[in-house]
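Structures follow.
There are two complexes below, and they share subunit A, which is joined by subunit B in the first and by subunit C in the second.
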Partner chain A sequence: MTNALLRVVGLRVRFAAGRGASVHALDGVDLELREGEALGVVGESGCGKSTLVRAILQLVRPTSGTVVWLGRALDEMPARELRSARRDLQIVFQDPLASLDPRMTVGEIVAEPLRIHRPDLNAEARRREVHQMLARVGLPPDAAARYPHQFSGGQCQRIGIARAMILRPKLLVCDEPVSALDVSVQAQIIELLHDLKRECGTALLFVSHNLAVVRRLCERLLVLYLGRMMELGPTDAIYADPRHPYTRALLEAIPVPDPDVQPARLSHVLPGEPPSPLSPPSGCVFRTRCPHAVEVCARQVPSWETDSAGRGIACVRWREIGPESA
Partner chain B sequence: MLEIADLEVAFETRMGHVKVVSDFSLSVARGECVGIVGESGAGKTQALLAVMGLLPRGARVSGSARLQGEELLGRGAGALDEFRGARIAMIFQDPLTALTPHMRVGDQIAEVLVRHRRLSWSAGRERALELLRAVHIADAERRLRQYPHELSGGMRQRVMIAMALACEPDVLIADEPTTALDVTVQAQILALLAELKRTRGMSLVLVTHDLGVIAGLADRVAVMYAGRLVEQGTARAVLKAPRHPYTRALLDSMPRLDVPSSEPLRAIRGQPPDPRALPAGCAFHPRCDLAADLCRSARPRLRPTGDGMVACHRPLGAAAGEEGPTS
Partner chain C sequence: MSEVATPIESGLWTDVWQRLRRRRSVHAAAGVLALLVFLAWIGPALSPHAYDALDWERMGAPPQLEAAHWLGTDRLGRDLFVRTLHALRLSLLIGLLAALVSVLIGITWGAVAGYFGGRVDAVMMRTVDVLYSLPYVFIVIVLASLFERGSLAALFLAIGAVGWLTMARIVRGQTLALRRREFIEAAIACGAGSGSILVRHVVPNVIGPVVVYATLTVPQMILFESFLSFLGLGVQEPLASLGSLINDGAREMESAPWLLVFPAGVLMLLLVSFSVLGDGLRDALDPRAE
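And now, the complex of A and B:
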């Protein structure tokens, strides 16, 4: 427990939604990330993935709960320590171009974290670091002197990764880093992240709505629905044996490029969309779409059950449903 | 049903004449779904906007596109409008740009019918309700009175499909209709399109960069690269035994659930070329593992193979005729 890089404890985020109403964007998230580990966070749009990221980065204030960084609560850290925590906690955003300052050259963009956090480096040393980093993420040597708009989406994402990785952070947070990219370029970026993570020992918090992408990068997986944790565990175990009906539905929805298989997959799709977070269903929040819902699901909020293999689940019926009954 | 032949689309820009679609020919039979795949910038959308007469003024279009024998290209805006919506309709990735923000969705659908079918407004609204039900929008009466921004992305896409169906078009063109949606909602929309194709005998042109999306719906698949068709054939042939190295590479780059997660994704190196500066010879050669000298100098023509076509000097599974290599 003590060697955790990041711990999120009982995190709740509520947004005021006018007329006294409030949106429970996150309702009780507990998780832990060890050094060098990669955790994937998946779920449909609006399930709270970005809110989790923003709460970890202290960009939104949690309604309750804490984010603990190397044993210290982030919201209680003195300014100096917070600064060094920031240095070790970097982010890559979804929209590659929008997240880069259009008036700065790529060299300036990638050098900026060094300028802020490594005042000991002189201009020449900084330049060397930047060039090494640009080469490492697969950008041409002349990239440093050019501007972001002169690059494609995939290349802009490389620039964003170079900026985030130049300080060798302990944790890299990625919010949908490849969802705006073409499949062929997605694969390049995923492999780049995979290699950087291994080389630098950086831990990864990887947010995505694409489960196929997450599988390659993350050892552990968290499935969120309407701001609640549905299932958590080792990625391979969850893919081999998804226990929560929602996890199963997400996996079944992934399109497979095989015309002998895919038409049949389309014939049993999860109906409906997540209900409004303004008035979440009673009991299990997934029950309005769950093919296994019974009366008790409306009455009782499923408790979080864990097992010795590090798996956790919130479903009152997961044992009786059994493996892959669909 | 729809016959596109030798379509070419070019833009006059400050940097000169830029061709974004060349030698594009494609036919779509009644009740058939043809999938068009390729990366962004491959020219998929431009080719179809040209067919729909929706390109901006600066665009130069040549070739032909016939709907049941009648030429669509080069018509005046008024004459084309008769076809557009009535017999051939198109839906887009982002429904918000295609819907009018300040108009209730029911009225938007009704308006199509008032305009093209000369229905009264009340009959149009009644039909709009039926259409919303046909695209499985829950609580359709209430939705009818809502504005586009009050609906989720998936619901807006359903509204756009309902609008496209209003005049019972013979051909529906869907350009990346699910790219912006969650996988779950994507699966719902694809299932809906499959149902509409089956029950209405509608022809469907489905544009996407995701081969998984194509696999569930398409009878035939056309692959585009740098403004040209590089491969065409039945969905089974193209997806299970692709002849073009680009198609193979696209398939390989997809994250799959049926291989161990320890296996690296096989990305295609480099990126799609800039249409202003296409590589000589085969436009794919800088990214192709099989590229030889000939590929760098001569552009391969589209040639028949079994029941399809391929444009490559060194097609995969060349000797085997019908049977290409299986993955």
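And now, the complex of A and C:
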């Protein structure tokens, strides 16, 4: 397709794990994002969500596969071009305070992208932009002169969002942007992201273990497990009719207001722990916890099947299992 | 809103400054240092004598008000008061300059090695290890033989060249820890270049330990110069540093104890004040020390 903003092809990331062993943090991810579209990536912790984000942004070198940004492979770009491409590819991190330089004022932090990518602006124009942006994300006007440690987690995340959005990027990548925040604050930050996305037409790649949050923001959903793609499709369709046994388990774990309880609930719904990524199960990686696993699941890696409605799934038995038989 | 935090202070350095001001020992050390610097600056002008002038009538005279030899004279009849302050000036200068040189080289070297890591780091830090393993005195003797004997430039170079090694290690360690912090990743993701990340994010964040270590480096350098002077490799007559004065004084400890006592006293005051100041800074920079 030609109008793709971002195309990820066969992305694999392997980390050395000592004594010649290695871990596939990400094993064959293919996805596509159009302008202005929001894609949610969900899965338990350790499923490779953060690695996916970092590999897309070239903060981690992919072992194989490519990330194509506006028709050009990011991993083949010379350093200088990659740096200028980052203008349209911004990120909001999980830990709001840690992602802000403690020795810089909030004003300097938010102005940094401008300083790098808009050398045409003088100090005065920069200052004006920063103040507008701070007001837009709901920070008090005197925030610019203060330091990150004087703000709460939610406010720090607003600062991080202001820094990421000040250049009006084409894609905003969010790596669990609210999981470190209080529940009441989470909702405010989600609304802010929602509004900014609409105003600026920014595409979102939103990583989270919280399905409710993803549903609010994202039109499409990708479910990852142990670095492999399990299911991909329009959010509403997946909610209405989850096909993959893992997606079903995740959805059953949802209606808990406190997202921190989710992993615990999940282990009730699903027997057992996620297997160690050091020695993933043969065949389908989910089979050790799948209620529908049969002998063939251990032998054969499920192929990625897509249908005409843009849904994809990796499960050999999804047709047999049938709707909501779990 | 639940996420409103109250502003407490206006910045980290303001915090540091306030914690520093609360410490009595730091006050005292800063006071003593200020006094010593002041005396080194204008002291020699208070006395009618020049630091290399010989008083033929009073050789090896004890402290006295007569003829304004307040701290006495050495065996050549030179006024000890003027010589001590002159030496103090020289020692301070050597200490500060050498610390400055070591800070500049050490920060650059350590930050670059720590930030780029990998092979760059390995080569740079092996270089430091090799230089470390060479004996100080050897380096100094080589440098001294390259320059004119007793040249101050050679002395600065020698001391500074040795001093930056530890600084480079400290900065590298700090930088390595810093590299894993998310705000560095954030800067990379923003599109900042390595140079700008080093200057804008890495250096400001390692400056705390650097300031502390630099403060502790000054007395080390002064002591090192004294040691070199003691070996006869340092400042040459008629100039004097505190080290060379002490060296001379020690030889006449029995007949003219004042020649040892006064320069040694000044050196001690200097070293202790710097150390106390450095310790105070270290505590003030570490918010957990509260």
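Things worth noting here:
One rule holds in what follows: the second predicted complex is superposed on the first by the 309 of 326 C-alpha atoms of A that agree within 3 Å, B and C clash if a C-alpha of one lies under 4 Å from a C-alpha of the other, contacts with A are read in each partner's own complex, and residues count from 1 in each chain.
To be clear about the criterion, a residue touches a chain if its C-beta (ideal position, glycine included) is under 8 Å from a C-beta of that chain, and two chains touch if they have at least 3 such contacts.
On a predicted model such as this, the values are computed, not experimentally measured, just so you know.
Contacts of A:273 after superposition on the shared chain: subunit B is touched, whereas subunit C is not. By the document's definition of touching, both partners, subunit B and subunit C, reach A:184. In the overlay built on the shared chain, the residue A:155 is in contact with subunit B and with subunit C. Residue contacts after overlaying the shared chain place A:295 against neither subunit B nor subunit C.
Of the two partner chains, neither subunit B nor subunit C is touched by A:120. Once chain A of one complex is fitted onto chain A of the other, the partner contacts of A:146 are limited to subunit C, with no touch recorded for subunit B.
152-155, 182, 184-185, 188 are the residues of subunit A that lie in the contact sets of both subunit B and subunit C, per the superposition on chain A.
Listed in rising order, the residues of subunit C touching subunit A in the complex are 1-5, 7-12, 181-183, 185-193, 196, 200-201, 204-205. Of all residues in subunit B, only 39-40, 138, 152-155, 182-188, 190-191, 194, 209-218, 235-236, 239-240, 249-251, 253-257, 261, 264-269, 271-272 touch subunit A in the complex they form. Within the complex formed with subunit B, the subunit A residues making contact are 44-45, 152-155, 182-188, 190-191, 194, 209-213, 215-216, 235-236, 239, 249-263, 265-267, 269-273. Against subunit C, in their complex, subunit A makes its touches with residues 57, 59, 83-87, 89-91, 93, 95, 98-105, 112-113, 116-117, 142, 145-147, 149-155, 160, 163, 182, 184-185, 188.
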